[in-house]
Amino acid sequence: MSVFTTVLARDLRLALRQSADSLTVIAFFAIATVLFPFGIGPEANILARIAPGVVWVTALLAALLSLDRIFTVDFEDGTLDQLILSGAPLPVVVLAKVTAHWLTTGVPLIIMSPVLAVTLHLPAEGYVPLMLALLLGTPTVSLVGAVGAALVLGTRRGGVLLSLLVLPLYIPVLIFGTAVIEGAITGVPVTPLILAGFAILALTLCPWAASAALRQAAE
Amino acid sequence: MHRFANPTQFMRIANAIFPWVAGLAVILFVIGLPIALVTSPPDYQQGETVRIMYIHVPSAWLALMVYGTMAGGSAAFLIWRHPIANLTAKAAAPMGAVFTGLALVTGMLWGQPMWGTFWVWDARLTSFLILFFLYLGYLALGDAFEDSERGDKAAAILCLVGSINIPIIHFSVTWWNTLHQPSIMKLGGDGVKSSVDGSILLPLFVMLGAFTMYFFAVLILRLRSELLAAKIRNARLSQAAVGDALGQAAE
Amino acid sequence: MAEYFNMGGYAAWIWPCYGLVTLGLVGVLVTTLRGLNARTREFEALKSARRGDGA
Amino acid sequence: MVRLMVEKTFTAQTFSGANLSCRRGGRLVFAGLHFAVPPGGALILRGHNGSGKTTLLRLMAGLTPSSAGHLAWDGQAIDDPDAHAARLRFVTHLDAVKPALTVAENLSFWMSLWAGKTNESALQKSLQAFDLKRFETFPARLLSAGQRHRLALSRLLVAPAPLWLLDEPGNALDDASLAALARAIADHRASGGQVVIASHGSAFVDDGMTLDVGAFTPTTAAHWSEEE
Amino acid sequence: MSVFTTVLARDLRLALRQSADSLTVIAFFAIATVLFPFGIGPEANILARIAPGVVWVTALLAALLSLDRIFTVDFEDGTLDQLILSGAPLPVVVLAKVTAHWLTTGVPLIIMSPVLAVTLHLPAEGYVPLMLALLLGTPTVSLVGAVGAALVLGTRRGGVLLSLLVLPLYIPVLIFGTAVIEGAITGVPVTPLILAGFAILALTLCPWAASAALRQAAE
Amino acid sequence: MVRLMVEKTFTAQTFSGANLSCRRGGRLVFAGLHFAVPPGGALILRGHNGSGKTTLLRLMAGLTPSSAGHLAWDGQAIDDPDAHAARLRFVTHLDAVKPALTVAENLSFWMSLWAGKTNESALQKSLQAFDLKRFETFPARLLSAGQRHRLALSRLLVAPAPLWLLDEPGNALDDASLAALARAIADHRASGGQVVIASHGSAFVDDGMTLDVGAFTPTTAAHWSEEE
């Protein structure tokens, strides 16, 4: 087995054994989204207006919450030292871990999103673009988040610091992610390809940046 | 370049230019402030508020320049492991955050009389706000480790990642904003640009120079301070090491 | 004079701007100098303490 | 207990370090340290608490950079940390054991990462060496402190590598496990491998060289270089 | 010194040594709030309409993120065992820790809130009620959050699970918190006393619930 | 090294347990275990890895409930865990040291919690007992594994309590520290305190009773009780 599949298989198996973990991510996504009608009031037209933004923002926060610990456990129990010493290319290991993370949290989130869109009265034209935008945007979110998670290894209060570091970097994804949905609703289509472009850019840069940060953390 | 890797040598050069830079900063402020505040005429469109520009624009300019300095320093630190490059980035960061904050605050104080609101989600304002967050993130990360050396490298990586993202953010925000741009923002900088003439350019450039010289002067002082802090850390910790060794030998 | 300080009715914006910028720049300068002085003193103290040790 | 059959005899190579110094947290922990471990050799690191044994092991593994000096393999300075990593196994206080995976799954992950594939018979041998066979299908979270540590030690055997770096490997082990560890080390050395052990207690070998890390703590004077 | 002041003093000292920590909470609050204009668009009237809800929801999320680790570190490094064995009344210890947490994160959040209200174009009448509502509401948030944090000790991915447990409990605070602000804006004042009532209720119940959960975790 | 002056002589009381059993993770770890430690006495827990020494110590501390049997102090069954907690000190693998606080701050926090106030001279004595005086003003994060463990041990001395429960207290300690610990234990017993030590290595006392926890592992049948 290649390094990628070995690490991916292990992380998926761990996630499966602890399936509560990815369920809680989805639960957070659901509950945080549902908070908005309580905070803003139940008017359908306002909720519909803000729905794409709210879904995207909560998806970003949910991803962030779960990314927080993507390397922490490995760091604290010594696995990270051993992975670095395995001689396997570290960017590949990072990519495998990010892939596992995306499969166990990003994908369920995408599947879940139409349900939440219903509660926020998103117009029907928005559903497919919503899922498409999440499908193309969440890989970038996971990749950029992994760099942040690697950077905050060994700090106290990793989660909050992580948000400070990566949320500003998520803004382009957020802008185009919501634009795709709103474009479909207002009838002025916006191409989702730019999200794919971001993903490719992140794919070429983030594994390296994250592994530099990981090596640094193990020093 | 490698000549500067040696802190002593680098500081010798820095200390040599310090009086010039500091002197120039003082002179430019002494010339620039009276022009900006008294002698320059009010703008025909913006009236007296144009005087805010003479500090707003230099602050904004420096905020960007400092980030460039930090990105350069971080790259040099990560690639060549130059300690001075790292210290430069570290010393510059709080100043960059302050300049960004000042550009934001002066911009907001300008926005109220001009646009009737402190804040609009205009592209340039918005991308500046994000720049401010990037600065805060850098400072917070550098500060978050028990071991200061670890914070240095992590912050350097973050700085580089951020510098790749700044153009992306800028482009996205511009695009986002032009899509549904409220009308009040059309008043922005362009209105001024058309009326730019010597009477405005002169104080602007003098103040730009003054701010830049101020930055370099204070940067040198902060570098000195950072170097001393490193020495003190070494000294304190090594004293303890020696105590440890001696104590053990005595047993 | 009062008219000058009134800044054509924009005094409430212009003076706080200049005030805050002054505060910011002077603040950075002062904290820098104070840090530098404190560290210089600490370093000298450590150095002389060590000379005492060695003797 | 089953005696471990060593399948591979390592090509003989000396692992050495010259003039090593290391700083941690801005402080020089040791300086001017030299060592050499010939094939089949053992080096025991001694020294009071805080003398830098753990630091030296991490440096030998290539995890922590040295601030001066260099490591060498077969006389060649080590410049590719990944190549160096591939020839060593490092056992630390942190055991890299995943509580949710079974004992066998924990081991086979590392085997497949190091050897590129899993080999059932090598797995069984590693389990037997530290008497973990009967926990094979247990999730690792059920193990006690010593059992977990034994699982970490059994990783030494799943895929051969010539250089073993062991940080206080005797911690939390009962007598039977200490004996098993001593046996594993002897077998490893017999097949040409070398081992570096930081330990306050048992040295596990009778004929190793001893390095007192505490002796390399820098003197006050050396610390205070003006030009820093 | 009493148990309360001893623990409070230590936690405040720890927070001060690591002052970046409480700063990052505020930074998270700021950034998460600012995400909404990106997701929803810059129109001032829509932003003003949703401002109270958005500020409250992000304040809740910020508190949640920082509460996540209120007991974790003590649990992981063995301090919790020692605190239980100290013979000191555990609810008092919990109350001291929650107070320290509120002082270092809740209070800065309240001070920060008007600035964010500006960026969301909240009408001027809303400022004082906003701060008042946060002042009366955040103690409840901290207290309830502490119970959740104690309950999730020892689980992995505590943060996400915590949200799941605690967010539904926050809904009353959220509803009345935003009602106070909106009431002031629309001229139909809503008394903030009900928030104080929640706080008193939480004060009498939560320390006991949290310490029971902590004993449970230490077993 | 300064010899610790014991100020308080504890009122003599026997700590005992009768017919104790404990389950962890659904499994019976030991059953039918009896012990008694008289004032001034020492009990050494032995047993292979996983036999239940740590579990027994946590049970003795009142942290883990027993599934059968009971603990007694002076012959009285212990029913108030807080009262019991107030007369014991427990040192485990987890050292409860805050890296951001200095060594002295770490100690004085516990002193003020246990004794209600801080007492500078007692603090100094505790620091000296484990040779930590010169680290007094250092943040604890700068300590090595052994130094941190010494800081945890010095907590035993900041406020007197008759019953010490020590889980592998010799881990990571160098020879000088091992001697200091043995001395502290002897002083404590001389003033009437009692001590229970789980250890694979040195027992720290010459005259203690030994309890082999492994001997109380239930037989296979009882062990894998169906109703789990």
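Think of it as A, B, C, D, E and F in the order they're written, each chain with its own count starting at 1.
In this section, contacts are C-beta pairs under 8 Å (C-beta built on N, C-alpha and C of every residue); 3 or more make two chains touch, one makes a residue touch a chain.
Here the structure is a predicted model, which is why all the values come from computation and not from measurement.
Asks: What is the graph distance from chain A to chain C, where chains are linked when they touch?
Replies: 2
Asks: Over half of the interface residue numbers used by both chain D and chain F, so same, or under half, so different?
Replies: same
Asks: So the centre of each chain is just the mean of its C-alpha atoms; given that, what is the distance between chain B and chain E in Å?
Replies: 33
Asks: I'd like the Å distance between the centres of chain E and chain F, where a centre is the mean of that chain's Cα atoms.
Replies: 37
Asks: Counting only Cα atoms for the centres, state how far chain B is from chain D in Å.
Replies: Comparing mean C-alpha positions, chain D is 47 Å from chain B.
Asks: Check each residue of chain E and list the ones that touch at least two other chains.
Replies: Where chain E meets two or more other chains at a single residue, that happens at 18, 20-21, 24, 27, 31, 38, 41.
Asks: Would you pick out the residues of chain F that each touch at least 2 other chains?
Replies: 93, 100, 141-142, 176
Asks: Specify, in ascending order, the residues of chain B that touch 2 or more different other chains.
Replies: Answer for chain B, listing residues that touch two or more other chains: 133, 136-137, 140, 144, 146-147, 176, 231, 235, 237, 239-240, 244, 248.
Asks: Inside the complex, what are the residues of chain C that reach chain B?
Replies: It is residues 4, 7-10, 13-14, 16-18, 20-21, 24-25, 27-29, 32-33, 35-36, 39-40, 42-43, 46-47, 50 of chain C that touch chain B.
Asks: Show me the residue ranges of chain A that touch chain B in the complex, using the header's touch definition.
Replies: Within the complex, chain A touches chain B at residues 147, 151-152, 154-157, 161, 164-165, 167-169, 171-172, 175-176, 179, 198, 205, 209, 212-213, 216-217, 219.
Asks: Inside the complex, what are the residues of chain E that reach chain B?
Replies: Within the complex, chain E contacts chain B at residues 18, 20-21, 23-24, 27, 30-31, 34, 37-38, 41-44, 118-119, 121.
Asks: For a test of understanding, state which residues of chain B touch chain A in their complex under the given definition.
Replies: Residues 78, 130, 133-134, 136-137, 140-141, 144-146, 150, 153-154, 157-158, 160-162, 164-165, 168-169, 171-173, 175-176, 179 of chain B touch chain A in their complex.
Asks: Which of the residues in chain F end up touching chain D in this complex?
Replies: 25, 27, 47-52, 54, 93, 141-147, 149-150, 168, 171-177, 200-201
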